[in-house]
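Read from first to last, the chains carry the letters A, B, C and D; within each, the first residue is number 1.
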Amino acid sequence: MMQIWSNPDVQFVVWALVKITVILFTMLGLVSYLIYAERKIAGHIQSRTGPNRVGPLGLLQPIADVLKLFFKEEFIPDEANKVIYHVAPTLAVVPALVTFSVIPFGPQDALRVTDINVGLLLFLAMSSLGVYSITLGGWASNNKYALLGGLRSSAQMISYELAMGLSTVGVLLLAGSLSLVRIVEMQSGPLTLFGVAIPFLQNWFVFFQPVAFVIFVITALAETNRAPFDLPEAEAELVAGFHTEYSSMKFGLFFLGEFMNVIAICAIAVTLFLGGWNGPGPPALGIVWFFLKLAALLFFFIWVRWTFPRLRYDQLMHFGWKVLLPVTLINVVVTAFVMHWGAGR
Amino acid sequence: MESTTLWIIPALPLAAVALNLMIGDRLGRRGTGWLACGAVGLAFLFALRAVFALAAMPADDRQIVDTVYTWMRVGDFSIDVSFMLDPLSSVMALVVTGVGFLIHVYSVGYMVHDGSFRRFFLYLNLFMFAMLTLVLADNFLLMFVGWEGVGLCSYLLIGFWYERPSAAEAGKKAFVVNRIGDFGFLLGMLFLFSYGGSLNYERLFAAAPAVFALGGVVITTATLLLFLGATGKSAQIPLYTWLPDAMEGPTPVSALIHAATMVTAGVYVVARCHVLFELAPLSLQTVAVIGAATALFAATIGIAQNDIKRVLAYSTVSQLGYMFMALGVGAFTAGIFHLMTHAFFKALLFLGAGSVIHALSDEQDLRKMGGLAKALPWTHGTMLVATIAIAGIPPLAGFFSKDEILHGAFASGNYGIWAAGLIGAGITAFYMFRLYVLAFRGPSRISEHAAHHLHESPRSMIAPLAVLAVLSIVGGWVGPPAVFGVGNAFHDWLAPVFQPVAAHGVADAAHGAADAMAQGAAAGHAAHAVPPATEWLLILASVGVAALGIFLAFRLYLTSPSIATSLRERWAWLHRTLLHKYWIDELYDVVVVRPIHALSQGLWKVFDVKVVDGTVNGVAFTFEGLSAVLRLFQTGFVGTYAFFLALGVAALLLHFLRS
Amino acid sequence: MIVESLFAAFAAVALCSGLMVILHRNAVTSALFLVLAFCALAGIYLLMGAEFVGMVQIIVYAGAIMVLFLFVIMYLNLKHDVETGVQVAVRRGLGWILGAVLLTEGALLLRRGWFPGPVAAPAVPPPAGNTEAIGEVLFTRYLFPFEVIAMVLLVAMVGVIVVGKGLRPGAGEEER
Amino acid sequence: MIPLTWSLAVSAGLFTIGLVGVLVRRNALVIFMSIELMLNAANLVFVAFGQHMNDIEGQVVVFFVMAVAAAEVAVGLAIIVNLFRLRETVFVDEVNLLKG
């Protein structure tokens, strides 16, 4: 018995499993209350109070929602492609969860699952896999609204993925590494611009890459199919888009996946641009800072959703290909030039 | 370094060709004209810069070589695309680009109403590229590319108005006659390569004295073959007949290609290969005799022609004869000198003639001109300058060069050739002033229609005329005769190139080569052996003959035309002979063209149809039968192809397994 | 030991899903199995220390190429393939036989170990920071091929647009 | 460390699967996928030998192969879409325009 435990491989696996479990459950809880927050904020933006019946301030509402979803009747269309119909919702959640494995929540080793030297690429890979759940869900339902929603989303996500990937290149150039831990470590210390130390601010990449940050956030909205880029589920045209035919917990999984993706992408944004765990105070406070920044960004996402109207489809494509992509390219080139001649930093 | 920028000189016109092809239709006439002229003008400036760089070098190693890339390499034989500028090619390059530029400018005005304006400048620029390649090449093969290129452009431009049957015919004739010469040239080149081992000028010339015996059969044959090529390109007996017909082309073309540049290519080649020619005295003698004969022969034809451009064409043939004469007697510098001055005044004559033709609504017959001096003051003035220049009256350019040639002939002891040249000079003065008088003096014989439209040419045409007129006056001053005692700049400039063979000779030169050195030295520098008094006499003689010719021309055609008429009647047979150009064209037709035509007919009907076509068809039938079987594999289905592909892979792996 | 077992697992997944690609009658399912095979291959690359290639494999193949496939399949709205008839059966038979032959030959060749270099593991382990190394080589020795690839992609893009717009006579004018 | 032979075996298997797919399927899209499978088998060999010889260049070549594959897929799919527009089919045995 003891022999097994002394094997470093086994130790590694068990330790990783523990961390994964913790993160999984944290994220599930976070998602539930993110949904609650969304409803609450939406309510206030629309001069309502939002959920307030279940528990104090409606705080138990998420639990009630989940229970309701569990007990609803599961409905499967006759002509649906059964296997894919079942697989698609799972695919919505998995890539987001994989992304969490490389996010450093704090400076301590215990607060991250792993630190691989291609962490940024892993994130991009996972976000590129995100298309499948929506596309396949839409197709397998054998419903024209769902199919249209799926096709729209695949075109949209492929288009915006490019701009997103390119917007991270600026950060990559500055950090000189694809490891997310390394990227965060590069953002520690006081901000120094043109040799002048700026008080109260830290060396976050958002100050060096403001354009990239803005574009990253915009493309993040599009990648997660959030308003104003929620074309795949545009109610007015497509009923409910790709998940028209989904019900019960499968619908719940799509929902979960969407919010999981939002959290993951916001966490990446925090890591890449907002200094990750860096903040005043002892390293122990790192995780607090991280989640504070994450919360702020999440609030921003919700805020945007309930403020902006939806884009038309041609506007969306036009914006992605003719505005975002050129701007990111210029940003990369300018960054490279500035880096090469050593000015600015 | 400037040395690396030689390639740009021919590249500029080529770039203009490419641009013209690509975007010419969007440029419009003005843009096309600017493009063409600009390219050539720039090429001129670059050439000028290169020549200045050359002049800055010490006299004995004035040579710039610019190797662009290795063209081909077979075994130890390699040919580079590389350009070389030495004093000789520098003179050529400057003449080609300079005169070429002026003619381009002139053409913009001349061709402005032509429907194929763009095509014209396309060809013209292409010609400039080919000519500059010819002149600047540093080996025979690259030069041959230019040689053939100018031939092609000449063909295209002679037949420029291809809707006129006569123009198309003339183009064909020029091309075919040139081919005969080119064939000789190619053979000569191969001879030189197989014996000399290289086609690079420098290497070949350095090796020549050691490889070729003086007056040996090989070198004589090779040089004679080269000279055959030169007679084709430079319109010498017996291949001169194409040049007068080439006047079917637009007049600027006649000026550029058939007077100033391309036709001098033969002269350039012989001068370039002077080392080889000096090793073959027989060839050199041939060159001199052919040159003198052509000079005299063409001049006599020129007397009786009535087409203004044909007179000039025969005059060109005749003047080219003078250049070859100079080369033949070993006065290489004189030949090149005459080449240069001739380029100035002959281009001017052609352009002036073009201006006249332009003014007279395309009338070319001298009998329908007359009294144009007032209507076309500028044309008249410049034409007069050119006519005096070609007649050889000092101090205009023609005098200096022609005198130097005659002097060279006399000094080398070829008195017969000298006499022919002298008589030819007199005739030249005569027929040139006949042309002048008939066109510009006397009563007007212009048709009413033409008189109505009579006008002086636009400024863009007059300006080149003026520049060329100035050049025709001062162009000769760089090479005054030795007796003037002011030094001969032109001579000094070219001296390193035309060093007698001795300087090229290798140490272990055979006894024959030693003789060649002595002879070459004698030929090259014999000019200095003539005592000053004799030289003055020679100058006097040539000027006197010219003055006599001029006098006769004025007398016969202006003051008392009745004499001319009575003469023509009394010597009717002679006049007819001259008018019909000694019936040489008809002779060629009977002796060469018809038999070949008949033979070709026979070959076509019998050999081609039965044997060649039979073989070809037989091969085709065989393969058709075979492919009927193979076609079964060609199902058109991708799957089948993939299957066979995989089968192949399996077989290949099996082979690996077995080995 | 973990690496070897993971390799075996990934290889099994890759091979099985590869087989499913060609066995399944539904093009969408085929495509999904292909995605799975690609992901398994990416895992193999990671095990071999080729992290960059592994990630690019997912981004390019799974994230872009296969999405394109799915997109086209859905656009064309294909149903299950019908595979009946004598001709089809003959072709299938021949194909499988040929495949078996090739596999046998490959196995025999592998057993003979004809490939060059030491069969044993190299003394020096491959460098750890693999992205930097690839970038280094890519932008120095392989700069020209890199530029050519860029050109190829550009040409492909233009070509796709031209082909995709369709060359039906008159159609182009109307749309504009 | 993974033995080279293992990788080569996997690659050979994948390649054969791809080849068989090209031979037995009629659907142009599936044939295309099979070709991708073969390309990936080749990629695997490149990476394996790269690791075996401790040389990064194998991976660089894989990078190129992927770029070319992307270009090829884009063009190929465009052609298939056009084919479908013209012929209403994606079955290669219903198209024999290659027949000269």
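Throughout what follows, a contact is a pair of C-beta atoms (placed from the backbone, for glycine too) under 8 Å apart; a residue touches a chain by one contact, two chains touch by 3 or more.
Remember, it's a predicted structure, so these values are computed and weren't measured experimentally.
**Student:** Just to be sure I understand the contacts, which chains border both chain C and chain A?
**Tutor:** none
**Student:** Please tell me whether B-C or C-D has the greater number of C-beta pairs in contact.
**Tutor:** Contact tally favours C-D.
**Student:** State, to the nearest whole Å, the distance from the C-alpha centre of chain B to the C-alpha centre of chain C.
**Tutor:** 65
**Student:** Using mean CA coordinates as chain centres, what's the gap between chain C and chain D in Å?
**Tutor:** Averaging C-alpha atoms per chain gives centres 5 Å apart.
**Student:** So the centre of each chain is just the mean of its C-alpha atoms; given that, what is the distance between chain A and chain B in Å?
**Tutor:** Each chain reduced to its C-alpha mean, chain A and chain B end up 79 Å apart.
**Student:** Could you please state the distance in Å, as a whole number, between where the Cα atoms of chain B are centred and where those of chain D are centred?
**Tutor:** 62
**Student:** If a residue has to touch 2 or more other chains to count, which residues of chain C qualify?
**Tutor:** Where chain C meets two or more other chains at a single residue, that happens at 52, 56, 64, 68, 75, 91, 94-95, 98, 102, 106, 130.
**Student:** Listing for chain B: what residues touch at least two other chains?
**Tutor:** In chain B, 639, 643, 646, 649 touch at least two other chains.
**Student:** Provide the list of chain D residues touching at least two other chains, using ranges where the numbers run on.
**Tutor:** 19, 23, 26, 93
**Student:** Which chains touch which?
**Tutor:** After working through each pair, the chains in contact turn out to be A-C, B-C, B-D, C-D.
**Student:** Spell out the part of chain C that touches chain D in their complex, as residue ranges.
**Tutor:** Residues of chain C touching chain D: 3-4, 7, 11, 14-15, 18-19, 21-22, 27, 30-31, 34, 37-38, 41, 44-45, 47-50, 52-53, 56-57, 60-61, 64-65, 68-69, 72-73, 75-76, 78, 81, 83, 87-88, 91-92, 94-96, 98-99, 102-103, 106-107, 110, 113, 115, 117, 119, 121-122, 124-127, 130, 133-134, 137-138, 141-142, 145-146, 149, 152-153, 155-157, 159-160, 163-164, 166.
**Student:** Flag every residue of chain C that touches chain B in the complex, lowest number first.
**Tutor:** Those residues of chain C that touch chain B are 91, 94-95, 98, 101-102, 105-106, 108-109, 112, 114.
**Student:** Show which residues of chain B lie in contact with chain C when the two form their complex.
**Tutor:** Spelled out, the residues of chain B in touch with chain C are 639, 643, 646-647, 649-650, 653-654, 656-657.
**Student:** Residues of chain D touching chain C in their complex?
**Tutor:** Per the stated touch rule, the residues are 1-10, 12-21, 23-27, 29-30, 32-34, 36-37, 40, 43-44, 47-54, 56-57, 59-60, 62-64, 66-75, 77-82, 84-85, 90-91, 93.
**Student:** Sort out for me which residues of chain C touch chain A in the complex.
**Tutor:** Interface residues on chain C, with respect to chain A: 1-2, 26, 28-29, 32, 35, 42, 51-52, 54-56, 58-59, 62-64, 67-68, 70-71, 74-75, 128-131.
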